[in-house]
Structures are given as structure tokens and as C-alpha cells.
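In the two assemblies presented below, chain A is common to both, partnered first by chain B and then by chain C.
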Partner chain A sequence: MNIDLSRRSFLRLSGAGVAATSLTAMGFSEAEAAEAAHVRDFKLATMTETRNICTYCSVACGIIMYSKGDLAAGEKAELIHIEGDADHPTNKGTLCPKGAALKDYVKAETRLTHPRIRRPGSDRFEEITWDEAFDKIARAVKDDRDANLIEKNAEGVQVNRLTTTGFLAASATTNETAWATWKVVRSLGLVGFDNQARV
Partner chain B sequence: MTNSWTDIKNTDLVVIMGGNAAEAHPCGFKWVTEAKHHRGAKLIVVDPRFNRSASVSDYYAPIRPGSDIAFLMGVIRWCIENDKVQWDYVRNYTNVGYLVREDFGWQDGMFTGYDEEKRSYDQTSWEYELGEDGYVINDETLTHPRCVWQLLKKHVDVYTPEFVENLCGTPKDRFLKICEMIGETASPTKTMTSMYALGWTQHSKGAQNIRGMAMLQLLLGNIGVPGGGMNALRGHSNIQGLTDVGLMSNLIPGYLNMPRETEPDFATYMSTRANKPLRPNQMSYWQNYGKFMVSFMKALWGDKATAENGWGYDWLPKLDIAQYDAMRMFNMMKNGEVNIYFCQGFNPLLSFPNRGKMTEAFSKLKLLVVMDPLATETAAFWENHGIYNDVDTASIQTEVLELPTTCFAEDEGATVNSGRWLQWHWAGATPPGQAKTDVWIMAQIYHRIKALYETEGGKSPEPILNLSWDYADPEEPTAAELAKELNGRALTTLYDATDPTKVVLEAGKQVSGFGQLRDDGSTASACWIYAGCFTEDGNAMARRDNSDPSGMGVHLNWSFAWPANRRVLYNRASCDLDGKPWDPSRVLIEWNGEKWVGPDIPDIAVTAKPREVGPFIMNPEGTSRFFSRRLMRDGPFPTHMEPFESPVANPLNPNMRGNPVARVFPDDLANMATSDEFPLVATSYRLTEHFHYWTKHNYVNAVNQPEFFVEISEELAAEKGIVKGGRVRVWSKRGQVWAKAVVTKRIRPLICDGKPVHVVGIPIHWGFKGAARKGFGPNTLGPFVGDANIETPEFKAYLVNIEPASEGMA
Partner chain C sequence: MTKDLQPDPSVIGGVPEAPFAFLPEPVALFTRRAGRFAFLAQTSRLAPYLTFLSDLSELQARLAKSGPAPVIAPEQLARAKAAQMPPVDRASLAADPALDQLLTRLCEGAARITMPEPARLALEAVTHADPGDRTWLLQNALSGEIPADSAAPHLFASAAVQIYLARLAASLDAGNLRKIGTGICPCCGGRPVSSLVTSTPGIESIRYGVCGLCATQWNEVRIHCLACGTNKGLTYRSAETTEATVKAECCRECHSWIKIFYQERNPSLDAVADDVGSIGLDMMMKETDLKRAGLNPYLTGY
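Right after this comes the complex of A and B.
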């Protein structure tokens, strides 16, 4: 037997193995092959495993996400299960009551799926296209910036300061998102710029 | 955190004060359990509530919310009086011997230089006395009346056990027992770790709470050592990273500062950042500031940044005030001075104090843009939900755009844990519907605005047009591309400074560390402290070797920790003056006669000889500070200040209200209560079953904790006629909430200044969106005032009242 089993092939074999072993013990060794053939695979063994980090607190527990479909291979991937990553030095596979229910956050009914607009005075959101949303944002920010950017102060110093548009950034996004956000926000001259660390 | 989660197993004593790790950070708390089980470590919990951390502690003491400084100064006083001081550490690694200017002083709870009108101090006197050689004068005998040690002794003298008991409501015997337990860790072979969170930050003097503990840890020699340190248990998964990358009003990535308009050009900006050493031989690492700043601007503007144009300094926004922090922006918004506001994965309607003011502020915007994976209350601030969001929808003229974003499961990149580990994650799920990554959204916004400037012209287009945006697909930069930019690279071939024939790094290659960064425009690095995270050897953040040969929980080959993959900051201080570890059984680094070696990355130049260079290399002194000079607005020592809304007067100065230098806007001051009207102290907290306002969108968590409640003592319940599980109304001067009453023994009345003080505990997790029942958060009630240094709202101590309410209400 190849002892260098990968985690996945181990899972795949173990389902069949347990059944075969007990059958052998009861003297049904002849039935082994036939039995193994129709014992169901452990469900997760057919999933794509992806390593991730819990999105909640900053203990930052390692997690393994199991998906139907391989995103990296260009397939549609549906999240089926999340469990703690036993290899992770901090959590060693454990998860708290929040992390244990992490999948339900990803698949919450209240996930947003479409850009929407609430018009002035209206009592509801309406769906709009991404293009419409971006055109609105770009127009509004450009107009506000052109009207209110302080280019120079009284002493003639170039200050490029815009206080009439502000931005609160997310603390569950990645560093890479943060850097892209920093660049765009500061190039516009925004100074009212913060993240959750402020609270 | 100065240390890491896994390092907590090396401790002898855990003090949880200002946090509740067992409930808010359960999987990190396991390392406390490890330390207790394997090392026989003890756990002390000091908290207004007997919370679940307390329930597994070895010793617990209650404390009145907002009185932590008095408690900590009291412990310092006790340690000094009982000679529980790690003298070799204190004498050599701190500033105790340095002389302070003659005109510095403290009386009536105030330091010299207070200007009541400006609500700030003239800090001129809060400074060392320098000798003719430009170095600070050091009195090794510690006897000079103006040396820091003597000033510290004088400063803490008032905080006797009786004073602490009277002010904090902590019984004297409990306080003294804790002093004794803490005092034991003054031994060079015993360490204590401090685990704290928002219980210390959410005060108008939050930063001083933390300084108080940092000073105690210095006194005991517990900073830089395994199992020691100041460990901030940060809230969100990447709150550390967002701060590292400088997404705050006053920051540039890597803790560089946004320029002020009083710094009109780059030379002026740099002129105050020379960071000349204050003692001989010291590294004063911030002397390299210019290298980091120029490399940053090269990353930001690319080829457009040149020596001639001051590396594009003109294009950076310049601040006219210290910062446009979020509360200032909401105050401006309420005054009609803000037109557009973006909320990226942030739900401020439930996060900032005085919800009524927040609603009023959002109602004055022209456009609110919300980018979020979930339907947030902020995006729906205009929806009427009865008592839960009682607004007049039709009168609100704000246009709201709600943009669906991906969440962690659907994107790739690094988040930074409390212990500064940058851990890479991969996408494993297709985003729902039309949800998109924040990077794609920011790129679209940028390109469209840029196109408008290109076609129409407009005000100061240079920073927009000159922004470096060099990505294979400009519409959606990849995580790897952005991470490489954060790390930095050589723009031209780098040669050794001492041997110009020797190539250090070829043009275009990723730098291997911040030591390679230069101030001549030959390197670019967006965030110098991250240098080393994505080098020519690949993505260090994705490393998954969990081995730990030393058994010290170092895990050097797991992900990447900033700075320089170092796991314990200031670890030079884990050794004595000659470079021998204080505790030979717990070695992080040691001097082998030629260089520093050991399981961790030394926090000092590897060949820096012992006795020459001090361990606190970022400070110009080379030592750590009991006296913090002019670095904090509210004083060089922590001094007791009451919360703005307090049940008792400040015994040091009955006329002082809150923090005398905290910023308060006029209408918010008018909205603050006194204890004759509102006699109860409110404090907010998290529950194990919920994370902020996110998990209420999950059925599982919503079932576990379905409904908003407040927690009160049996004594208060009896006094007010409130029954277990009954409905109550809680109100402050700013708003009211209705909740179920949880009547427990976990909160007990405290006796302060001779009278009982009752505490009302208010968890934070409910709103009017999601799967849980509709409810309220404490932000409806909290005061609109923040910490004097960093503007974190005072959610942990303010005044309310409570009464039974009829069951029929909504």
C-alpha cells in the first residue's frame, strides 16, 4: 500500500476500506470487490478543496472550503462545506461557533446579487446595470471634485484636498484590495478616509 | 500584537483586561488553555462582567467601566513599593534614567501647558533635557528628582489600594491579590502577557489605558520576551492589514504620515523626520524614513515621480487638521458639508455612536454608495422599520447605490492576523449573481473618472492621470500583481553602496527586504513593512510549512509576518545586556559571540554587538519609554480621567469632565448626560455566537442568539421591578432601545465613592436586516466622542437609564 496517500485519496479509500474490513472479519472476503464497487464515496472526496482564512476575527483561523466544481479550472464552483484546517498552526482544525457556521454567511439569503439604486424619496431599491451605476458614480464624483477640490490654500501651497466626498474601507478585504482602494481614493484627493480600525 | 497567538503558550501569567478572548476570540484563547495546562500558567480577568473568560480564570476582579488607568497605575505603584521590578531590564532598556525638562509638572490631574480654550496642551515642557552633545542626559543612579524614574514614582503615588478600591469598585483584597500575582513576573524567568481589545480602546482615553499596561509590562521586563508583550486582539480579519496599508485619514502605507499643508514641499516634509539618535550608537531605524517614502511615491506615481518634482509630493492631498476621522466626517455630513460617501464593507449606521445623528447625517448626502456582500442597514437607512428604524422615507432625498461584492470565499489575497502574519487565501466559490470583487469595482470607478478628466479636463487632473496603473488587465488587477507592488522591486539595477561593482539586485527584480529600499528613485515599494512578502522566491504569504523546530510556536515558514518575517517584536529585549536569554529555557534569539541567532528573526542588526545598540531600534533613544514625551495628546504618563458621562466626579479634579483634550463637537456636548438624570453605567460587548452585524444574516447564528437583550444584575432588576426575560426600555440622552432583560449574577453592583454603581451590559449584534429578529445596537445610545489621540468612540462607558416596558411594544 502506498503510504504517501494524499488527504483526498485517503478520504476516498477510507469509505470503501471500512466496509471491506468488516466484511472480511465476518468471512465475506469474496464479496469485497463487489461491495467496494457500490459503497458510496465519502461525499467530500469528490469536492475541490480550497485553503482559506476565516473572515471574521483576527485570530484568522485556517479553513478548508469544499466546493462542487473547480474554480481554478474555470468551472462554476458551489460551496458545499467549510471546516477548520488541521494543518493551521493557530487553530489546528478548530472553529468557534461563528466560524463553524461560516458557510451560511457565504450563502446567506441576504447576499447582494445585483447592483441596485434607491432614488431620492423612494421607498424601494430598483435594479440597475453596473454600467449605469458606474456612470452615475463617476459623474457625481467628478462634479463634486471639480466644484469642491481645494487645489491651493491661502498660502498658495498645492494641497489637492477634497473633503466633500468621503470613503470608509472594509477591514475584511485583502491587503491587495486595500492597496488598489488607497490608490484610487487618494488620487482623487480624499482625506475623509478610514477603516474599521477607527471604531 | 507584539507577539503571536501561538506564542501565548509560552507565558506564565495571562491578564485579560479590556477584552474577553474566550468569547470574542475563542480559537486564539486555546493558547491560554495550552499555557495553563502545559506550563501551569495562571489567568487573571479584570472586567465589569464575570464573562466566560472570567469563568475559566484563576482569579477575577470586577472593575467599573472607564477606570482602568487608576487600576493599572495602582499596580505599578504596588510593584515599585514592593520592589517587583526587573531592574536589569528597566535600567538598561527603558528611559527611567533620562532627565525631563525642569518646567514639566502634573497637578490636579493635569499636566503642564493646558489651554482650556483650545482643549489641548502646549507640550513644550513634556520633553527630555538634552546635553551639549545633543543626547538626552541620563542619570544612572535614578536619583535625580527630574529623572523619569523619580517622576514616575511621584506620578503613581496617588493610586493607593484604597484609592483604587474607591474609584474602580474593585475590592481591595482582590486588587492586592492581583498585584501579587502580577508582581511575580518581575522575575527574569517569568513572563506575563496582556490580552486586550476594544474594552480598552473604546474610551475617550483608550490609548492611555494601553500605555498603562505597556508601562507595567516594561517594569516587569515582559516586552520582547516569549510569552510576554502587549497583545491587541484585533477585531476584523484584516483590520491589521487595512491599517498597515494606511487606509486611515492621516496615514500612508507602512505607518508613514500624510503630509500637512504646513509642509509645502518634500524637503520640508522630510526635515522633521530625520530621527537623529538621542543616545550614542542607536539605530533609530526611522532614520530610513526617506527611503520608504520615496519608494512609496515611486510605487504610487511610477515614472512620473522624479527627483525634480519631489517624487510627486505635490499630488498628494495635504491635511489642514490632524485628521478627517470618520466621526468628524459624520459631523460634517450632518452639517451638510459632505455630498458623497462610500461604504466599502462597512456598516456605519450600526457602528458609530448616536444613531440618530448618523441617520440625520446620511439623510443630508446627495449620494451614498455601498459596496458589500450583504444587505446592510446603512444601505437601507431610509427604510422605515417601525421602532427599529423610525424614519420618514419620503423626506429623505439621498440617492443610494448598493453594489454587490464578493466575500472571502470568492476572492484571493492576503489578510493580516493580530500577530502580523500575512496569510494568503484562495477563491473556492463562484460569486452569487452579479457580485464583483472590490478591486474590479475600484478599477471601474477609477477608469471612468479618469476618462472624464481626459475628455473634459477639470481641476488638478495630475494625480488621477499620473497614478501608476501598470497591470496586465487594467480592468481587474490580480491579487498577485498588487501584492508584488506592496512588496516592491528594483527599478534600476542596485549596486552595493560600499562596492559599486557588486550587484545587489537587478532591475525589475522584487526586493527581498526593506533593507534594499533607497531614496534615489531606484526602488519602488508601496508598503515598506511588507517588503519580503512576495520576493523572487515567490509568494511568502502562501507558505504552509507548519513545522516549529524550537517548539516555541514561532512557525517561521508559515506565511509571512511583518516586519522581516519577525514573530516577536523587540525580541532583542528577551536577552540580557550581554545577549544571553533571560530564561535559558525559552530562547527566541541569542548572541553567539559573532552574531544574533535563534528560532526567530532578530529584531536588531544581526551583527550589532551587545551593550552597544539598545533593543528598541525604532526609537531614537534605543530604549522604551515610561515617559512618552510629546507623542500623545493627553500626557506623557497615563493619568486617571473619568468617562465623559460618569457616575462619579474625578477625585483628582472634580471639575474635569472626561478627557480634557478629547475633541467634542458643541451639539454633542449638549447631548451628554449627568448621573442625576442617568444613574446607570452602560457598556457594550460581543457574544461568542455572533460577529458584529454579519452573523445575524446566518440562520445558525441567529438561532443560537436570536434576540437583542441587555444584561443587568439581580440587585438592579429588583430595584427597578424588572423580571427575568421581561421587556425593558433603555434610554440615554441620545436615544432609546427596547430589549429583553437578562438578569444575571455575572454583573454585580460596584461600590464607588461610597455609593452603588450599577452596570448595564449591551451586546452589539442586532439591526433590522438579516435572519435574526429585529433589534437594536448600543450605538443608538452611545456618546459622540472619541479617544483624544485616535478618535475611537467611547462605547465602553456612558450613562443610561432603564425601566420595565410593556410586552406589546412592536
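Right after this comes the complex of A and C.
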């Protein structure tokens, strides 16, 4: 800060002239020092707030997810709370009972985090790899399609319908995901297809 | 039975639209602030300073109801609207005789407040300052750029500016204010002192920036840096616990931070009084590489 020469006398009269905090300059440095001593051993706790969209339905309510720790700074973050995003034009902070229970959905012990299979005759699910899962799905779809594809209708028009397999896709997807899903599903001839675009 | 029925979706909506801005009510504002400073002083290590600021806020409340309220000229309002600028033109006020008189009255009133010797020295210097020096003080206080080496005299000038700007803001119509930009007061173009996450029924969890100069509150979308507007890489730091009522909203993009108060946890929180009261957080944040963005003339140097 370049101080005008004419200010010098004023600054001298006002007791100013060296950089100091408001408290020191006003003569409260003792109180300031006491507070500084008090917080010396305190540590800063970090929280992150992340905007997202509820996973449940196509209403696409805005949510704010609170987590302890800062992932971007290399710390481990732990989700501690989810609430409706009051700034979001769709839900203005409100959530339905499913949305309000989102944290329990994330933390649920029974949450599905790997592909699993219950083999014929078995009484329990077992974990399999994604490769295995994809192979099995592809095999099943291919077998069904080979056996049941309707190539022509009664009038002899080419229709390529596969009516014996259905497909249910998620609602909380982007337009791009929905487009890709549509292309894959329809190219197989599947007609029983829903993007779960409803509550 | 032949009533013309029109669809009205609002009756099933139920969640009100958050108002864009709340204009200050100067007397109530400073009275409440004085009370909050006094309350905080009961338990704080900073008690002498908080008591002084309580007395000063009380004086501000008294001055806010004395004398005619300042008004903004209609042509200035029209010009600001046409240019999409804030209606209060702070730069033009440094030479306003009414503001200068207000500073004189504030100095007279403040002389009766108990304060340490350095503060009294600064007050006397402001009281007897020549017109050039007073304009210089008011200019700095109005711009929010307070020189690091003269916090004390500027504290008094800023107190007068706060009254004057709050009264000017109060004369406006909140419905006419428009968003200027993120972190910019739509009323006077000033920077925020802090932001409040409100607990007001109907608009819970909505965040309002509070102008450090005219005390207007305006809606700011949460998880956005009030210094640079980004929504990337923001973290919220607080002393010891993440359950705190005051946090430092830290921005990795512009390396600054500003306090955010959660009124849902405590509706009494005041944007200015609790900013001073939570100076411990400033002291802790000073150890980081981030700089404080909140504008508060009572915390110059932090």
C-alpha cells in the first residue's frame, strides 16, 4: 500500500503506521492472544459437500451429499449425510421417503457391489466376475434369440422381434446412457424394454 | 357452477420460491447485532473487544433512526438499471456531506464508549481529521479496501459507512434487485462478509450471502465459491468437529476462503458478530495457504 505523504501526520496522530490486525490496533491484543492460545492445539476438520442426483427415479431430485474428509487432498472420505438440495429447481430441498433414506442405501450391508449368481439347484448367491457375468448374459441372450427370434410376421414382413427376453434399464442415467441402452437393446430385437422412466 | 376454473399447480407445490434478496432493516439489524455481540461476550476470551463492538452496534442502531433517511436519486436508479449495475454507487458517496456528518455524529457518540487507549487515540484522530483525511478514510471504508497499517481509524469510518449504506439499501425495493454476479452484492456491489444457510421456515437450507458493507442478503447457490464463483474443489473446514455451526468454505481454484454459518443449527447467528466471535477459525485458517475473502472491517488483518 502506497501511503500518501499527506496522510503521514494523520496516521501518526491516530497511532497507526504499522500493519496490525483490528484487535491489536484497537488495543485488544491481550484478548486476541488469549484466543490464539486457546485454538493453538485445535485441528481443522474437513468436510466436503457434493451435489448429485438421486438414483431412484426419473424425477431426478437434486441431493447434497456430506462426507467427512477430503478425497481430492488424498484423504479418505466417509459419507455421513444426504439431504435434498434446496437450490435444485425440481425438488427444492424436499425428498420422498426413498430419497430420504439414501444414506442407508449407500451404507446397506446387503448393497449389491459385485455381480452375483444363483446357479440352478443352488440355495444361495455367489460372487462372480464381471467377465463371467457378461459371458453368461451374452450366452443366454444369444441362445434365446437363436431359438425364438420372430423374423417375419403373418404378412411376411421382416420384423425381427424377440419377445421372450425383457430388459429393464435404470432411470438415473444421462441422455447419452439412455441412447446407448436403446441402441443395444433394440438392435437385439427386444420389444419388452423399459427405461424405468416413471416413479 | 359456471365459475371459470383455472389450473393452479401452486396449491400442490407447497414449497415457496426463495426470495432473491432481503434488504436490511437498519435499526433492527444493529440492535440485534449489539445483542449478539453482548451475548457472545459472556463466554468469549475476546469479551473486551466484543463488548466494545456491542456498544458500537448499539450506537449504530441509535444513529440509524436519527435524522432523515438518505435516498438514492431517481436518475441514479434509472442509470444503474439501464447499465445492469447495483443501484447504490458507493464510489460517489465519499464526498457526500450527509455521510461526513454521520461520521461526525458517530465519533461524538463513540467518545462515550469504554475503549482502550489505542482505540481512543484513533477515534480522536478521526474526530479531528481534516476534510481530506476524512474523505480518504471514507473512500477506503466504502471500497472495503482497508490499509493494513491503519485498521483502527478505518473501523470507525466503516461503522459510519455501514449505517449509511444500510439506510440507503433499506430505501430500495428488494423486488427490483437483480443478480450482478456470484459473490457480489446486488444492492451496492460490495463483497460478502460471510454467508448464512437459513433456517427460515419455507426456505430452509437456502444460502444467502451477506454484504459486508450494506448488509443486504442475497441468494447464492450453495457449494459455489463466493470469491471466484467456481463449484470445483470446495471443502468446508471447521475447528475440531465437522458438526460446527461455522465453517470455512475453502476454494482450491482461487485459494481463498469465506465463512459460512448454519442457522439451522443456531438461528441466532449473525453474519458480522459471529464472524468476530469465531475469530479462532480465522487464526487457524491463517496457518493455511488460503486467504480470507470475507469483508469485515472489525477483522482487518485476518
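Methods note: the second predicted complex is superposed on the first by the 101 of 199 C-alpha atoms of A that agree within 3 Å, B and C clash if a C-alpha of one lies under 4 Å from a C-alpha of the other, contacts with A are read in each partner's own complex, and residues count from 1 in each chain.
Basically, contacts are C-beta pairs under 8 Å (C-beta built on N, C-alpha and C of every residue); 3 or more make two chains touch, one makes a residue touch a chain.
Not measured: the values here are computed from a predicted model.
Visitor: With the two structures laid over each other on chain A, which partner does A:Arg111 touch: chain B (first), chain C (second), both, or neither?
Guide: The first partner, chain B, only.
Visitor: Using the touch definition from the top, say if A:Val159 reaches chain B (first), chain C (second), both or neither.
Guide: first
Visitor: Kindly classify A:Thr90 by the partners it touches after superposition: chain B alone (first), chain C alone (second), both, or neither?
Guide: It touches chain B, and chain C stays clear.
Visitor: Thinking of the overlay built on chain A, is A:Leu168 touched by chain B (first), by chain C (second), by both, or by neither?
Guide: first
Visitor: Contacts for A:His38 in the overlay, against chain B (first) and chain C (second): which applies, first, second, both or neither?
Guide: A:His38: touches chain C, not chain B.
Visitor: Between chain B (first) and chain C (second), which, if any, makes contact with A:Thr48: first, second, both or neither?
Guide: both
Visitor: Which chain, chain B or chain C, is in touch with more residues of chain A?
Guide: B
Visitor: Shared contact residues on chain A, chain B side and chain C side combined as an intersection?
Guide: In chain A, positions 48-51, 72, 84, 87, 92, 94 sit in both the chain B and chain C interfaces.
Visitor: Give the list of chain A residues in touch with chain B in this complex.
Guide: 48-62, 65, 67, 69, 71-72, 76-79, 82, 84, 87-92, 94-101, 104-106, 108-123, 125, 128, 130, 133-142, 144-146, 148-149, 151, 153, 155, 157-184, 186-199
Visitor: Where on chain C is chain A touching in the complex?
Guide: Against chain A, the touching part of chain C is residues 15, 18, 44-49, 52, 115-119, 121-122, 124-126, 128-130, 132-133, 136, 147-153, 155, 203-207, 221-223, 231, 233-242, 244, 247-248, 252, 279-281, 283-285, 288, 297-302.
Visitor: If we count contacts the way the header does, which residues on chain A are in touch with chain C in the complex?
Guide: Contact set of chain A toward chain C: 1, 3-4, 6-7, 10-11, 13-28, 30-32, 34-36, 38-39, 42-51, 64, 66, 68, 70, 72-73, 80, 83-87, 92-94.
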